[in-house]
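Okay, so chain A shows up in both of these, paired with chain B first and chain C after.
The block that comes next holds the complex of A and B.
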């Protein structure tokens, strides 16, 4: 199943779909959604700069060169994934090679039999009821061109189902690897279904395995968090400079559930993260934390959307950025508090340090509040390293380099402390240490 | 130990220190007093190496080396310590980690290897007792959420750990209640020794009841206008600064 077509525009992506769709997996339910999705994409098109949502992230430039579509190719194997494992992390590992589930590279032994971790293709066949309940539900094909495009073309990805009342003891580590010899467009699609009273920790890492050319990944992950479930979802983007990602995560929470997520971006040429959380039940809690440390000409754009639809929910966002050289960062945080969502607590903070005069950050909070009994706040700050603190440390004998490093570590510390898997936090600390030491 | 000759310096084009002279020998405690705006804090900032201040002329030699030529960190490594008037809060940096880094960088400067963890902990424990600082404070972020008194005690604690040869206390007494003042002063007194000198900068005589100076200098409009022994401080306490100002004007 190889569909390799040169594409470069909305029109080509739409017309190619006619040919490609015959090879795409899924029953009539899924095919029907794909059809609607491509129609939506045709209408939305690849967003232009004048589109407010993509004002600072020029996606048209990304699609200016011709790329090859990669749809449901066999995953590459014959590689060692040793270097992509996190030291001391005792986890089940799942490998997505070029967006396709690789059974060979994954290691899922000792996983409770009731828990499903498989390819999405497999889920299309084996779990049609869950697919019909959860696929393309919280990722709205009419809301964003890249959700639409992914939904139309996506052939595979990871499917995880944790049934009611199950606690997954070890974290599940999802390793995304990209390897391509020519410019390629990938469509990974994940679906995580977490049942009532269930608990799971998910760690997702993004790396390029062998990528001498630029690749684009348009990925969508849907997470359905049922009543009283607790989900921790950590993402580490540690790509090489040729990795370009438009990464959308949509979570939907039912009542009394907890969803905590961290997005850490250390490397990668061009990254857009969309994180959309819908609080569909009362008494939900959600924590969105993010950290990006950029250099060179890196571009990292974090768009968050928290939609408070029911009363008594709490959302908390802390995003921090350290930007060096000619890198650019964006934080756009939207909070909706719907009319029903009384007693909402919604907080947002975006803090950034610019290490160079050529680095840029754009931050924009957007609060739309339709309920009258809520507590909402947002704050944003951008500055340099605090000169007074730097002097204080130097006056105690610390050299400039180590004083700066200490202050930058302190700056990211509160985000790091929200990572509750020790091995992961330690690993990140090592990576951050290395990145800041450059 | 420290020799300041005809120092002129200021900030943002405004001259504040206008021909300042001071000789401090090993083991001596010098108090510098003066009314607000006389240049006390400017002096301590210049000695510690704050880059916002510009020295236009004069010399400062510290143990025979040109102090003004050194970076702030090298001054600290050479044995100079400034207890800040307003200690900075640094969220996320633990006191312990900060001091460990400081000690090891100072040691590296002197060609020594890092201090053994065991020795470091022993040192911390011992010095904490000296300033009656609770163990939990040492483990917290530098000055974060500390009361005024705790911040000043933390300065003296850092001084005790770093064991400087010259310590400058910049209005360490300001904002302290009498108990905190006594604790801070006791800490300083225990650190007094034949090879360690202090410059105690203060607005009030009160601190000098506890830290008894060998010399007292009155700084006014950027120069020392009067020097004496501890009795001078008592006189100032009694008469205020006005008579000094008058003397200067008349002279």
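The block that comes next holds the complex of A and C.
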């Protein structure tokens, strides 16, 4: 533990930085960015509820309890990762233990030599040119307090670079594990650089290994997708109830590129997902799919922003939520069409089912459009399980429980179908089955 | 804050030094706002003590509030609230001999809207023999209306009159839907409201006419801080129309009105607005800032409130007519057409708060942006816990005309009950080239074709308007969009 002192406020986080920064990796370029980031964080502060972007997610409450800062600690490694693997998934495995790359737990055999999968610290030293080109480029430190905070403090994470014209045959599975004995704040930072005409499938899972106390993870992932590249990025959030995440993914797409992402949230205490996609070239295509099935007092907040900057791009979003018990779900999507982005085709849909009177769903699908020759639409609907459909099934001899389950499975099916890795989809289906069955 | 208080304190004392408040006969208050100004307005209107107290409470609360500047999708220079004159007796307009002295541009607009000569003269303030006849005529019309209404027990008068004559009703209902603590502009209005109308429909009465007809003759000179209160008692019905399709050349830049509607058991209130205030010139100079708080409450079961609005004027519109659905089985509706052209900005929508069981709400919003304008829909649908079987349907469409305008949708949907069914859909697009081609093929030129298509697009809302207004609204739409077609 570098800063063993308790932290609880913006001021403390800013003042601690002076001490911590000496130990943080990175050359002067990175240090420079860190300094700017902490200045930006000092100005933005931990957002209050008055902040429109955090209206439904009380982050100040999250930071009200004192937490310890965890920066650049050695990862834990004396564990078995067997139970965190996805059955039948033939993949390269990378493990991040408390936000730090663990070489020991990772298995990267048979990976093409041209592909770099390493710790971010390592990349700071060995690939300064890529770092300078891509680090802190699409995650704007002035746009969000948690991007700023992460950029300032982040010591490690995963760096993946797929060079031009390379097709990564097997998916890369990134396992995020958290273990802590006292309340801790982590800053994982990932950077994925995908070259021209390259293709890669990324699977990221979030699990808690051993967490008897509450922990907060403020993570940022940047993905640079070059011309003609194709990236599929799947995330499964399966933390325990003490896991609290503020998870930001920023992707930037160049001409003719294709980016698909899928965010599935099944458990975890408090989750905020920010997904920002900037379409910086013509003819880009992006698909954002999400699914959250919540129970207990879970809080899941999905924020998406698709920024259409160039003409002839297409974006498509489908988010579905099933909320039970006292859980809260939020979908806040924004489609932004800039003046130049003519002939944009953008679609957004948020559909939710409430299973309990104590559950809450807040949705805010937004369109902000400055170009006229576009087709943009969104839809949002919330309801209960259709009584007619239930009756239809029961009339055919299904019990009420299995009829409900069948209808809920049908409801999530179109999001599930967008997962193109069979082993992953099957694994998710069993997890969902278990979750809905209880 | 302390410093601010000092400055305010100074203001108050310095104004007091000039002793304007003793000069009760003054027609215009000095610019600025202070407790003395509030007292002055109240004294001018000869209001009872409780009314003054209410105004003062509102004023004190307003002082503690901050101007909401950042959440709405609007940009405008800072408003100096100490630079505004909060009371001016209805102005004597310069007398014009006949219509030829009136701005020809204004007359051309009247022509297009099909407004009668008599009304044109009244609107432009022409004093002539014919006009006097018209005035006499309208006075008589007014009295006949008044008789009919009085016979039924309907109270319909100016707000100030109601304060004098029906204090029990005003005390009971004023501020019950929009309390002065509600927001910055509602507090300001409660402190300094000039006048407005009050309407009470007694039990079991169906108002025999659109209150618009009467209102249009009676409305002039209500000032910039209007306050309207409509109370529909059990089993009653009223249709109320505010505003005018004719362009209003009002020199007040800031308008902060409050409208409150109370609908009791089985009662129905239909409130239609056509707003066509001065939108500023082609370069966005001038124009009205329109900050309005409108809200209705369906207090008891089976009540209904329906808002219909056609917004074409004002350089800035900030307006969210809302319904609180408290009674079981109550219904709220919102139909809106908002047109922005040149440099106009509109941030408008509705709030539907479902509290009672089996409550239903419908939102249909059509935005049209042209020129350099920005048009936003901002709405909230909230289903509270315990609002069983609540139902909402929202549809917000935006039409973009030209590459420099913007259309935005910001719906908020908050649901806390599992039996709720809520649907929202929104689209943004431009007028299809194939649609225009189809019309042109049949000999309809582009301008007319666009008018036709836009009118079709707004049909759902226009259908909700009283008939004669629907006709005028259609023409108004054409005038507002003139020249926006490239």
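We take it that the second predicted complex is superposed on the first by the 435 of 438 C-alpha atoms of A that agree within 3 Å, B and C clash if a C-alpha of one lies under 4 Å from a C-alpha of the other, contacts with A are read in each partner's own complex, and residues count from 1 in each chain.
Everything that follows uses one rule, which is that a residue touches a chain if its C-beta (ideal position, glycine included) is under 8 Å from a C-beta of that chain, and two chains touch if they have at least 3 such contacts.
None of the values given here were measured: they were computed from a predicted structure.
Using the superposition on chain A, decide if chain B and chain C clash or fit.
Once chain A is superposed (C-alpha atoms), there is room for both chain B and chain C without a clash.
Based on the superposed arrangement, let me know which partner A:52 touches: chain B (first), chain C (second), both, or neither?
After superposition on chain A, A:52 lies in contact with chain C alone.
State whether A:388 touches chain B only (first), chain C only (second), both chains, or neither.
Touch status of A:388: first partner only.
Pick one for A:413: touches chain B only (first), chain C only (second), both, or neither.
Touch partner of A:413: chain B, not chain C.
Which partner, chain B or chain C, is in contact with more residues of chain A?
Result: the larger residue contact count on chain A belongs to C.
When the shared chain A is used to line up the two structures, what angle, as a multiple of 10 degrees, is there at the CA centre of chain A toward chain B and chain C?
The vertex angle at chain A equals 70 degrees.
Which partner chains sit in contact with A:210 here, chain B, chain C, both or neither? Use first/second/both/neither.
Neither chain B nor chain C is touched by A:210.
Determine, under the contact definition given at the top, whether A:397 touches first (chain B), second (chain C), both, or neither.
A:397 sits against chain B, while chain C stays out of touch.
Considering only touches as defined above, state whether A:90 meets chain B (first), chain C (second), both or neither.
neither
A:378 in the overlay: touching chain B, chain C, both, or neither? Say first, second, both or neither.
Second partner only.
With both complexes overlaid on chain A, what's the closest CA-to-CA approach of chain B to chain C, in Å?
Result, nearest C-alpha distance in the overlay: 14 Å.
Which residues would you name on chain A as touching chain B in one complex and chain C in the other?
Correct list for chain A: none, the interfaces share no residue.
What residues of chain A sit close enough to touch chain B in their complex?
It comes out as residues 386, 388-389, 391-400, 402-403, 406-407, 409-414.
Taking the touch rule as given, give the residues of chain C at its contact with chain A in the complex, in rising order.
Residues of chain C touching chain A: 71, 73, 385-386, 398, 400-430.
Under the definition above, what is the set of chain A residues touching chain C in their complex?
52, 339, 342, 352, 354-384
Spell out the part of chain B that touches chain A in their complex, as residue ranges.
Within the complex, chain B contacts chain A at residues 48-51, 71-73, 75-77, 81-82, 84, 87-88, 90-93, 97-99, 101-103, 105-106, 109, 141-142, 158, 162.
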